[in-house]
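Data block below; observations after.
We just call them A, B, C and D in the order they show up, numbering each chain from 1.
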Amino acid sequence: MMRALSNLNPQTLRIIALLLVLALVILFFSTQISNYLNGRLFNRISSSVAIMALIATAQTLVILTRNIDLSVGSVVGFTAFATGSLIAAMPDLHPLLLVSFSMLFGACFGAFNGFFVAYARVPAIIVTLATMALFRSLLVEFADGKSITSSQLPQWLTSFPNTRLFELGQFQFRASFVIAVVIVIAVHIALQRLRVARKLYAIGSNPEAAEMAGINQKLTVFFAFVCAGALTGLAGFMFLARFGNITVVAGLGFELKSVAAAVVGGVNIFGGSGTVFGALIGAVLVDLIETSLVRWQLVSEFWREAVLGTLILTAVALDAVVMRRLVALRAAKHHEKREKEVTHG
Amino acid sequence: MDKPSPLASMWAKVQTWEGFLVCALIFIVLMNTALSPQFMTLGNQINLFQLSIEKIIVALVMTFVIINAEIDLSVGSMMGLAACAFGYLFQMGVDPVLAIAIVLLIGAAGGALNGFFITTIGLPSLVVTLATLIGFRGLARVLVEDRGITDFPDWFDALGQQGWLGPVPFALIAFGVLFVCLYVLLQRTGFGRKTYVIGTNRDVAAFAGIDTNKHKMILFIMSGLVSAFAGLLYAARVGAVRGDVALGFELDIITMVLLGGVSIFGGSGTLLGTLLAILIVLNLRNGMALLNITGHIQTGVIGILLIASVLLPRVDVSTLLRGKKQQESGS
Amino acid sequence: MTQPVLSLDHVSKRFGSTLALSDMSLVLFPGEVHAIVGENGAGKSTMIKIMTGIHQPSEGTVSVDDTVRTISGSQTARELGIAAIYQEPMVFPDLDVAENIFISQVGGGWLQNKAKQRREASALIERIGMDLDVDRAASGLTLAEQQAVEIARALSQDVRVLIMDEPTASLSAHEAEQLRRIARQLAADGVAVVYISHRLEEIFEVADRVTVIRDGEHISTRLITETDTDTMIAEMVGREVGNYFAKAKSHARDEVILSVGGLTLDGVFENIDFELRRGEVLAMAGLIGARRTDVALALFGIHPATSGTVAYKGEPLKITSPKQAMDAGIAYVSEDRRKLGLAMPMAIRANISLATLGDFLSKIGLINREKERATAHQFRQRLNIRTPDIETEVGMLSGGNQQKVMLAKWLNMQPDLLIFDEPTRGIDVGAKAEVHDLIRDFVKQGGAAIVISSDLPEVLAMGDRILVMREGEQMAILDHEEANQERIMALATGQDDLGRVAA
Amino acid sequence: AVPAAADMMLEGGQEVDMVLLPKFLGILVFDQANEGAQEAHAELENPGELLFVGPTPENSVAGQIEIMTTSATQGQGAVMLSNNAGDQIVPSAQAAQEAGTRVVTWDSPIPSGDGEDVFVAQVDFGSIGVVMADMAHSILGGSGQMAVLSATPDAANQNAWIAAMEEALEDDKYADIELVDIVYGDDQAEVSYNRALALVDQYPDLGLIMSPTTVGIQASAKAMQDEGLCDQVRVSGLGLPAEMLSYTLNGCAPEFALWDFRDLGYLTYYTAYGLATGQLSGEIGETFTAGRMGEYTIEEDPGREGASRILMGPFTVYTADNVEAAAQ
């Protein structure tokens, strides 16, 4: 079994491992919670994970380059608010224009971060720690005590996240979820196939070598942050559409949630390895655990966080241990292969 | 070796990051004194520390942790857990002194837990402490649920609220003592040297026979212990605890340390830098508060300062080196 | 001759106080292999880094095709067809070999064609004469394999100037041979090859012209046919150096200090058996990947052996951590100074005291700085480490001087058993001789040494006995008398049929 | 107690600097309160300053303590506090009082009552309980399951109101109404939204989500609407007409209640001004006229013994009939 697995490449392995964990969690809760396993569960998770999936994807892009973006929460909040104010001001703005506005708006924040990280060479954790506070402050200034309410928003906007594109039995596939998944898959494929994207991995893997190999590090990292910004902006748009009511606390704490999702999804926090698909599963896992815990009679409301923390930790630890075993196996196989070659050759 | 002129050496000192911080600090203090009459009053000077005393105490150990190329995001939650655990035990009728002992134990245990996953399991500290940030907060929640616990014994409240040596409160003295001890520990002892070496390149340290895991374990236990201590001080200062005590403190703490010129990738930085950064942040916040500048603008200013803190001393370390350090501390 | 492809005119380079290059001029013609030799810290790497835009000259100009250019970075260099393989190989551990080779390739469309990439990659690796699975992640690669990847990367782009900074430093004779072949072949294709090496004998095999530099200054540029080893060395060091490869007589005593029996690390090496006496030098020879380092790491407790016995000074000893090994008096000088040997951003002083920090501590654990400085100064003299002062960051030193600092760190421990892994990798003749003398002194005073080296002359010069490994197996232990290059190579490559090889 | 001087008018024009300190900045209701306070400030022609300073959302507790302390240092005449720090504010509030600064709480009091001169209560906390119980009763038609979606476990006034409601539910009138669970949405849209749905999944027979927080009620209503659950699970609690309009009209949240934060700010300012200028002593039984809002009396706070309050009340229950008018 293990041997068979060890033939696959690490990234596929990781995703399989994650899916296993996911299955285990679902199995566990299905024994604990009555009428748990049904389409409804899927609908809940799928529609609530859509936003975090996008943010986790953005976070992954940045982490791959051995950076981190702690400002995503503030960017989501600000974008949601700005988008809301815009559509409130001109209600018959074309949807596509509105979406592109959100993404552009987010991309600007990304560019700001990216500039300081890539060109001014300030460590990402410092830049984004600062911009997290900065953007939030700007939002409070900008909001000036007002808040966006769903009554200010056009019908199409508030209803689109839940419009059912198609259904499989009980499983409803809603716009927000489908869009998120489509984007994640698109980014996933891009990261595996686009040569530019491979450079993200290269830089995260060994910045020094990247410099020597003549990869345009500055531009690539900047590019990563801008893309992340755009995705976060889109998340902001979805946030607005889903919740309708936007105050200055919108998106508070998303930075850590997204990092958690990415990490649980097997993205190496030190860059170079990991997939956005993994990040998606990570986001689902965290969301699933959170939602299920609320429904789990055994743990009172107050135990939720404690259990969540424990589960995240064990999930990551498990993943690490399993991966190590498999890698060791691969190495052993590789060695054997060499041995054989020698004896035959 | 010819001695450089005193003036030149002065200038050389100013050019160091610490030197720059000193200048910045002097400037800020002067500005504050000029702009608000109440600034230079003894009361305000003490309040200025009191208001963030717990954060700045934890910032001292955080300096060790970050120089060691690790990070501890769980400090805020640990402070909360400690405070709540104390409140809980107190409500259970446990003798406060015993309660304090138990709480400190909890702190050490929490640190050890972080340490275990980071050293034995080999997970990145960012990940582990991110999880325990949630977990410890959760435990605090479990202990106090939706209650607010208050009416601690007077001597306990006094510890946090009244002058101990004259007008100087206990916490401030504790900070002073702790600073001196930790300063010597980091800058003068073998332990400190190891902290730097491991932070610079873990493998090199290991190949030199240093038990890096043990060292990191000790650091995280220190971090947990001091956080718990700070949590108790907080409880004493505000005379009440609640599930959300010290929520989000970790970021302020890390900000101060980084502002002090400690490299987020480990291996470089000094406690003096951290101290200066602390003074700058506190004075700046206090000054702005006295000028009735509201919270979010204050945070914004600190944010800008943080970026500036890296841009200004833009001298030595090339990004390549940074990258390398981080990689090695990571692997 | 044709017009020069690349030329430096009166280039100088300052690093703060150190003048790494002064008034250096050099002309490169297409189709030549141009060797550059010089002592450690002479300025070779610095010159290279100027050619490839890593550093900018403080004075002077660089011109390509007789037009003055400012090479602002490695990308510009790439565009001008200048590629380099650096002293320390650099790969991307998370990418597979093929990607490592083509990552920085210009053009070739947006998408990467895996299949095509794999094919071309294998072709390149073959051309270098390496056998390497191109789908394998680079993380597990040995230094040599990493080097191969870098060379392949350089070859993958059509280069006009290929600079090799000590490419063979980490290669065994066998692979070094291959590499020189490639260099010649490239030259034949009209590429200008700059070839830096401390192995003079190979200079004569590969180079058309050779430039000697000393202390950052240009000393001479000659056709290889118009010079010889002695003049070259004399010009490099500015003095006569004795025949540094002469084997000194053994100082071996009777007392066995270390005896290893059936030492095995599953999946890595197996059944290593040898005895080591005080005053004796055991050399370990073998190709890259022979797993000599791993044996050393096992003895030093980094990757403890899974089975087998180790008796040290008579008593059985189970080594599971470096600390243990060091307490017993065993030291290991790593082959990879950048990753495992030195804390680059820290002062020389701090690095030298690192392994023996305990000796510098007062009762209450404070570091005795005077003692620390004194020790550092002493070693600076004894190994003549070239540096402005002992507070200099080790990272600022040249490769060879870094090596010396690393040796100092371990010598200060005054061990009974010293394991040197490639002790003279990237070290110039002068320093080499010094290091060899250091090792000899060490054993003369009753220590015992294991010297892992891929440099056969060195193996023969140092080893009282020579243990040859291949693919994790111990092939033989030869006494110095019965050993010669052919015999060792034969064992190392697994064709023990002497007759054929020797003939 | 002092003889209740029949409606004593506060005389304006006296100079006193005052600080209006909300839980944190950027929330609509607090800005409305500020508007009210500013209105009173102008009305009373106070030459002094009225500052509206507050902490950032993520730094609310520490920030409030800091501002309270600084105000004392500055010698402000009064601090008007919507307390978010629970009893953690007590030491700094007491210090402020010792420094001669009056501490008037509004919207959310200091639980222990220490360090507070008087609490301007938007409504009687007991009656909020009753009103919520009544709304539940009428929505559920007398019987059914309901769950509470509160802000955070630390929100002092939400906790007080929920307690009051639980007390009210003891009454036989509500015998058939079952309170099945209390969960927290952290006053964040997405958390509240997900909690609300989780409640529905956990309690198939749930008929009502009672959310005594403007963020929670809006998020729950939206969640029910989005999932098309409005016909089986209704939403009620405390909400802003402007935010609840659509849900009230489409029946997702047929009834909810709230008070006017402008008035609250206005009344709070009058009280604080009176105290800071020494025209009011803060004694129980003291009566005064707060401009347009008329006469108010300082009384004992039934919820917190030893503490005193001024009861603004009554508050409005919004239904499809009156919500549109209020939303304008």
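Going forward, a residue touches a chain if its C-beta (ideal position, glycine included) is under 8 Å from a C-beta of that chain, and two chains touch if they have at least 3 such contacts.
Just so you know, these numbers come straight off a predicted model, no measurement behind them.
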> Farthest from subunit C in C-alpha centre terms, which chain would that be?
Replying inline: D
> Where the CA atoms of subunit B average out and where those of subunit D average out, how many Å apart are those spots?
Replying inline: 36
> If you average the CA atoms of subunit B and of subunit C, how far apart do the two points sit, in angstrom?
Replying inline: 43
> What whole-number Å value describes the gap between the mean CA coordinates of subunit A and subunit B?
Replying inline: 30
>> By the touch rule stated above, which residues of subunit D touch at least two different other chains?
In response: 25-26, 56, 58, 153
> Out of subunit B, which residues touch more than one other chain, so two or more?
Replying inline: 141, 145-146, 296, 299, 324
>> Where in subunit C do residues touch at least two different other chains?
In response: none
> What pairs of chains are touching here?
Replying inline: A-B, A-C, A-D, B-C, B-D
> Inside the complex, what are the residues of subunit C that reach subunit A?
Replying inline: 54, 73-75, 77-78, 84, 86, 90-95, 99, 103-105, 108-112, 131, 133, 136-137, 140, 153, 267-268, 471, 494
>> Which residues of subunit C touch subunit B once you look at their complex with the stated criterion?
In response: 300, 302, 321-323, 325-326, 332, 334, 339-346, 350, 354-355, 357-358, 360-361, 365-367, 395, 409
>> Under the definition above, what is the set of subunit D residues touching subunit A in their complex?
In response: 25-28, 30-31, 34, 56-58, 153, 181-184, 187-190, 193-195, 197-199, 201-202, 204, 215, 218-219, 222, 226-227, 240, 242-243, 245-246, 327
>> Which residues of subunit B touch subunit D once you look at their complex with the stated criterion?
In response: 38, 41, 43-44, 47, 51-52, 141, 145-146, 148, 150-151, 157, 160-161, 237-245, 247-249, 285-286, 289-290, 292-296, 299
>> Using the touch definition from the top, list the residues of subunit A that touch subunit C in their complex.
In response: 10, 193-196, 198-199, 201-202, 204-206, 208-216, 268, 272-273, 331-332, 334-336, 338-339, 341-342
